[in-house]
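Lettered A, B, C and D in written order, each chain numbered from 1.
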Amino acid sequence: MDAFILQILNGLDKGSAYALIALGLTLIFGTLGVVNFAHGALFMIGAFVAVTVSRILSISMVVEDPTKTDFLGNPAKISTPYVEEWFGPTIGAGILDWAVPISIIIAIPIMIVIGVIMERGLIQHFYKRPHADQILVTFGLAIVLQEVIKYFYGANPIPTPAPAAFIGSFDFGAMIGFDPNTIIYPYWRLVYFAFSAIIIAVVFAFLQFTTFGMVVRAGMADRETVGLLGINIDKRFTMMFGLAAAVAGLAGVMYAPINSPNYHMGMDFLVLSFIVVVVGGMGSLGGAVLAGFLLGILESFASMSAVIELIPGINQVIIYLVAIIILLTRPRGLLGRKGVMED
Amino acid sequence: MGILEVKGVGKRFGGLQALGDVNLSVAERSVHAIIGPNGAGKSTLLNCLVGKLIPDTGSVLFDGQSVLGRSPHEINQMGISRVFQTPEIFGDLTVMENMMIPCFAKRDGAFEMNAIASVLSQRDIAAKAEEMLVEMNMADKRDMHASAMSRGDKRRLEIGMCLAQEPRLLLLDEPTAGMARADTNNTIDLLKQIQDERHITIAIIEHDMHVVFSLAERITVLAQGTPLVEDTPDNIKGHPKVREAYLGESTAAA
Amino acid sequence: MLGLTRKDTTILLIVTVLALGAPFLLNPFPISSPLAQFNAGYPDLMQRFVIFGIFAIGFNILFGLTGYLSFGHAAFLGVGSYAGVWMFKLLGMNVIPAILASMIVAGLFSVLIGYISLRRSGIYFSILTLAFAQMSFSLAYSVLTPITGGETGLQLSLNDPRILGQSVTPDGNIPVPSLFGLEMGENTRLVISNWVFTFNVGYYFCAVILILAFYLSIRIFRSPFGLMLRAIKTNQTRLNYTGLNPKPYTLAAFVISGMYAGLAGGLMVAMDPLAGAERMFWTASGEVVLMAILGGAGTLIGPILGAGFIKYMENIVSKINETILHNWFAFLPDGLEDIVVSMVYPFIGKGWHLTLGILFMLVVIFLPGGLVEGGQRIGRIFRRKKKKETGDGSGATTVNPAE
Amino acid sequence: MSKKITRRGVLAVTAGAGAALAMPTIFDGSVWADGHSGFTNAPQGDTVTLGFNVPQTGPYADEGADELRAYELAVEHLNGGGDGGMMSTFSSKKLQGNGILGKKVEYVTGDTQTKSDAARASAKSMIEKDGAVMVTGGSSSGVAVAVQALCQEAGIIFMAGLTHSNDTTGKDKRANGFRHFFNSYMSGAALAPVLAANYGTDRKAYHLTADYNWGYTTEEAVRSSTEAMGWETVNAVKTPLASTDFSSYIAPVLNSGADVLVLNHYGGNMVNSLTNAVQFGLRDKSINNKNFEIIVPLYSRLMAKGAGANVKGIFGSTNWHWSLQDEGSKAFVKSFGTKYGFPPSQAAHTCYVQAMLYADAVERAGSFNPCAVVEALEGFEFDGMGNGPTLYRAEDHQCFKDVLVVKGKENPDSEFDLLEIVEVTPAEKVTYAADHPQFAGGQLGTCNPGA
């Protein structure tokens, strides 16, 4: 029982990452009709915004300390981050410690700008082109983006820890009456889950309750008619691309402490996020979120050792297996509309 | 007993009764029109005939055989060809290639993988397609991309493709929708010619009364999913119920 | 000739000449020149060009004709490779049974996957094929290690039975793949001054198969069957209402292209008897998609060009390192040399992915029809010049059938 | 790559070539081969070409870059440049800094992509196009095994780079291949006594194992050596290679009754699983009245860097570390650090040493012929290369040398100072019989000189 609760918790956490990435992906597909293979790269860039912010914050003043030597026997260089220099060690260290949450604020404008540039500079020329061309050009873009990141940051993962306050885990089991240590969960992952829930809620509220959102939703349903009403739908769609990029980027920023960011983390998520979108139903926002959580939970269950012993290798293939079963039984995904992307 | 017998066909979509108890009999070698206001269930009925939809109740017999539960290509193989409201042709292929496909489509749906045999059969097919293009008066367009043609030509090609299969029943779904007057008249002439020369049964769904009264021998009026009356064109014109339900508005609008 | 139109015969002849003359054509630079780095006329790469050409031709029969975008085609190549190696392990080192086994196993596997995946179309089909291929990869890498060799790949060993051959050669080594005794690794070199041309048995074996495979693909493209496949791509509704069930045709195309992939897999192990699971990974499937689109999907020769392009990048550009760059630009003054080298450096060697990504984007943006369209445009420029000269300016908008 | 010497034959072809064109000749075998050398790619003229096949793209690209740096340094030293590095501490004094056998060392590089296919393609181009007489490098066992088999077939020497799986010198060993790096068995053997000393002999271990060959051999090695000293293995779960988030594998650990978690992961997998495990606060827990511990059997400094502060206090083993204070290591660190500004990784060390060992073997054999080199390396005992007295065992071409047990450093002095050496396990403690069951199933075969 406790094992199940634990894996559900796990699944929700995994699922919230899947849901966030898939949400942006399906937003772009639903509004612009573009299959964006560079979406994973946006997630990755988000994580690297966190890396960059913490690097900028820790830009240091370097002094030589003659009493110590480095590995070659030269005088060691002692570096003190300027923030510690300016604000004193306590506050300075505190700012450094909170680099990831600080990055969120910085990441939003950066990601929106990147998204808008991507849409205006490249994607908009591909609205009328076949999906295969869209896939190829965005895949090319994804490769370029990740190689640029690799050029500047290397291939090795870069540790980007969460604030010290969130290190450690929360004994969930003890709270609901199980033995201590049966259901524990890291604080930061709980934060991630809550954060995702908020972002998802904000995106839905935005689409549901603002005029902007209403126009976009109308445009998703029937682009031409909305265009006939004299509304500049293209401009709004550009903004949607920015929004989708921001969602992916935020997912990336918050994910940085969970797994050290590396340049190929976007590609690692790409196939998975497409599967989430398709299982949820192309162009369905609710479907993407639902499928994200569903696949997250199933993946967690499949990784239980009792399950692996029963069906060896199930943890390797569960996502794909579920995708196949759903596509064969519910052809348009969980919440998909008819006739989307069937040719 | 007609070549097409529709008995008690009903179809619901959620809360909407699209068709309720439709009975219809199309006599062999006749031209039968089905008319009705928007939402009367004309297209639903047509889709039930060709296997795109499966009716909830009733039966559809073509030449004494039930078509229900068969897929569109199987129903086509029984001898029913369909012309769509917007011409469904192979846009990326040339006109000639378009015409070759129905010529090639043997009734059993088999295909030829043998290289030598396929070359030989390709020649026969090409000859037949060529013949058909001449008959449809499109030989000069044979190498054009089908999608580059005018709507009238697309319609002509589509009808030609249906005829190349030598169907026993030709279903037309608003064949002149969205056409200019001249194209409409051409299409009417073409259909008349087909009827004269080939003696096939034609069932036509149409909005344009001009087309209906130029072609049809019998007319069924559908309203709210049920047939209102079925009669000859002359009688329909004067039928009070029809005027009330449909023609009044339609003629006024026209 | 051979039941082909003149135009198709010309294309076949071009491919034949390219394939048979590759050892010369790909080695234009003398070995002593710094440009020798760009020579691609060594057996392994030539074999790869041809093998991936076959793979891409097969993929194009499915994607180019029917429009069904399979994102899991590498699985058939991988399965074919495993079947081939197992034939080497169990039966003997003759390549014919290995290649036949590769094609048969890949064919059977594609019947299974195709039958299920073709129940859906569009992106749903793509995701289904992707899912099957990823499952094959994951299982082959892990739990199926006893059959597939897992991480290290399936390879030959001295303990293999090889019932029709020998387990161990007299000099104590593992025997090498051969065609009735003619070893695939056999080379003959022609040295003309500073040029060295290598003629490799394995390469010519592959090249002959490529020509046959290409001929078959022309025949398929031009056959009524090919017409039917193109009709499927254009309008399935009309096809249905013409009494044709698209499914057997699509499945046939899927299986044919799966068998092409199997053939490619079989040839890969015939040239190099090791089958690794990575060749089933989704990026490998993506690679063949890129080859087809980059070259020109739906055209005959495009996929071969696309395959050559990508494999050239992978094998030649990735091998350029900083030292070589310095050699090239050694003629520049020192400071300038360093600047030029540091500007070029991110795009070569370990940066070859970056160059590849940029080129993908450029091709798709400026040449929507792929490399073939690039060729056509160049051709048109020449033709226009000619026309101007002869004064024949009839701008006929006739259709260019895909080639 | 053709096989038999008997097929060699030079035949002249008359061609109406211009005066500038020499007479075209057709012959079998390599261009670089002089007519009677009898082996693949025999160096011709005054240079010899080595092939450095390292991952330049993909997750191990940084490790590959470090390997490449080491090779460049080795070439510099072999050709007499720089400070000579380990050449001065190496027990064999054959290397003079005048290349190998008087031939200047040149090299070509390639990208393995950490994929066996790509690695083989790259190695083949080195052999077929560039005439490399030896290929070395790599950062995974899959690649090492694949390239080793290729080199065996082609008739050149393969000096493995970083490869830790037992299989490389176990079931997949080849006569033309040599491994300087240590292996899973040695990790287990070296770790067990240190673990017993620090954590006691009454522990319950939970293994998470990367689901591929290297993971299997490492799990087996660590399990058998820890179980031998009294530990109990509670559970061993295989994790997919493609995993990026290990939370669902780590979450049940605390509940299993285990008090030690062994992460048989490498590279990105290890960085992520360790980060996840620390996130779950496992190390703050106390189970069975013992503090919960995590163990990473194979450490590398680059990975430790990726995992950041999470490595602190965590035991593992490593082939070599730059803080070693023997003369060889010091010389190597000095010349590497001077040239590149940071200390070398264990991958760099093993690659540098492999290049040196090859060059030395050629000098001692007096020939580039692979069979002569194999003979020179088999049973070769040397010292001064950083791991104490070392033996290249003839039976399986595995090096036997000291293994380091390390621990993540609590208070690092610099960004490179992440691991501290806990114990240098002497070679005899990690030596095993050539027919040890963990290495069974392979045959070395005989050396292949190619054509």
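As a convention for this text, a residue touches a chain if its C-beta (ideal position, glycine included) is under 8 Å from a C-beta of that chain, and two chains touch if they have at least 3 such contacts.
If you're wondering where the values come from, they're calculated on a predicted model, not measured in any experiment.
**Q** Which chain's centre, taken as the mean of its Cα atoms, is farthest from the centre of chain B?
**A** Between chain B and the rest, the longest centre separation is with D.
**Q** Hey, how far is the Cα centre of chain B from the one of chain D, in Å?
**A** Roughly 73 Å separates the two chain centres.
**Q** Can you check how far apart chain A and chain D are, centre to centre, with Cα atoms defining each centre and the answer in Å?
**A** Each chain reduced to its C-alpha mean, chain A and chain D end up 35 Å apart.
**Q** Quick one: report the Å distance separating chain B from chain C, using the average Cα coordinate of each chain.
**A** 46
**Q** Which positions in chain A are in touch with at least two other chains?
**A** Residues 316 of chain A touch two or more partner chains.
**Q** What are the residues of chain C that contact at least two other chains?
**A** 138, 142-143, 353 - these are the residues of chain C that touch more than one other chain.
**Q** By residue number and range, which residues of chain D touch two or more other chains?
**A** 57, 61, 65, 211, 238, 240, 242
**Q** Can you identify all of the chain pairs that touch?
**A** Pairs flagged as touching, ordered by label: A-C, A-D, B-C, C-D.
**Q** Where on chain D is chain A touching in the complex?
**A** 57-63, 65, 211, 235, 237-240, 242, 244-245, 247-249, 251-252, 254-255, 268, 271-272, 275-276, 279-281, 284-285, 287, 302-303, 305-310, 322-323, 333-334, 337-338, 343, 413-414, 416-417
**Q** Where on chain C is chain A touching in the complex?
**A** It comes out as residues 67, 69, 116, 119-124, 127-128, 130-132, 134-135, 138-139, 142-144, 236, 282, 286, 289-290, 293-294, 297, 346, 351, 353-354, 356-361, 364-365, 368.
**Q** Along chain A, where are the residues that touch chain D in the complex?
**A** Against chain D, chain A makes touches at 2-3, 6-7, 9-11, 13-14, 17, 68, 70-72, 76, 150, 154-161, 167-169, 181-182, 184-186, 188-189, 257-260, 262, 264-265, 268-269, 299-300, 303-305, 308, 315-316.
**Q** For the complex, give me every residue of chain D touching chain C.
**A** 1-3, 7, 13, 15, 17, 20-22, 24-31, 56-57, 61, 64-65, 68, 108-111, 115-118, 120-122, 124-125, 128-129, 140-142, 145-146, 149-150, 152-153, 165, 167, 172, 211-214, 216, 238, 240-242, 441-443, 445-446, 448
**Q** Which residues, counting only chain A, touch chain C once they are in their complex?
**A** 35, 122, 125, 129, 131-133, 135-137, 139-144, 146-148, 151, 271, 274-275, 278, 282, 312-313, 316-317, 319-321, 323-324, 327-328, 331-332, 341-343
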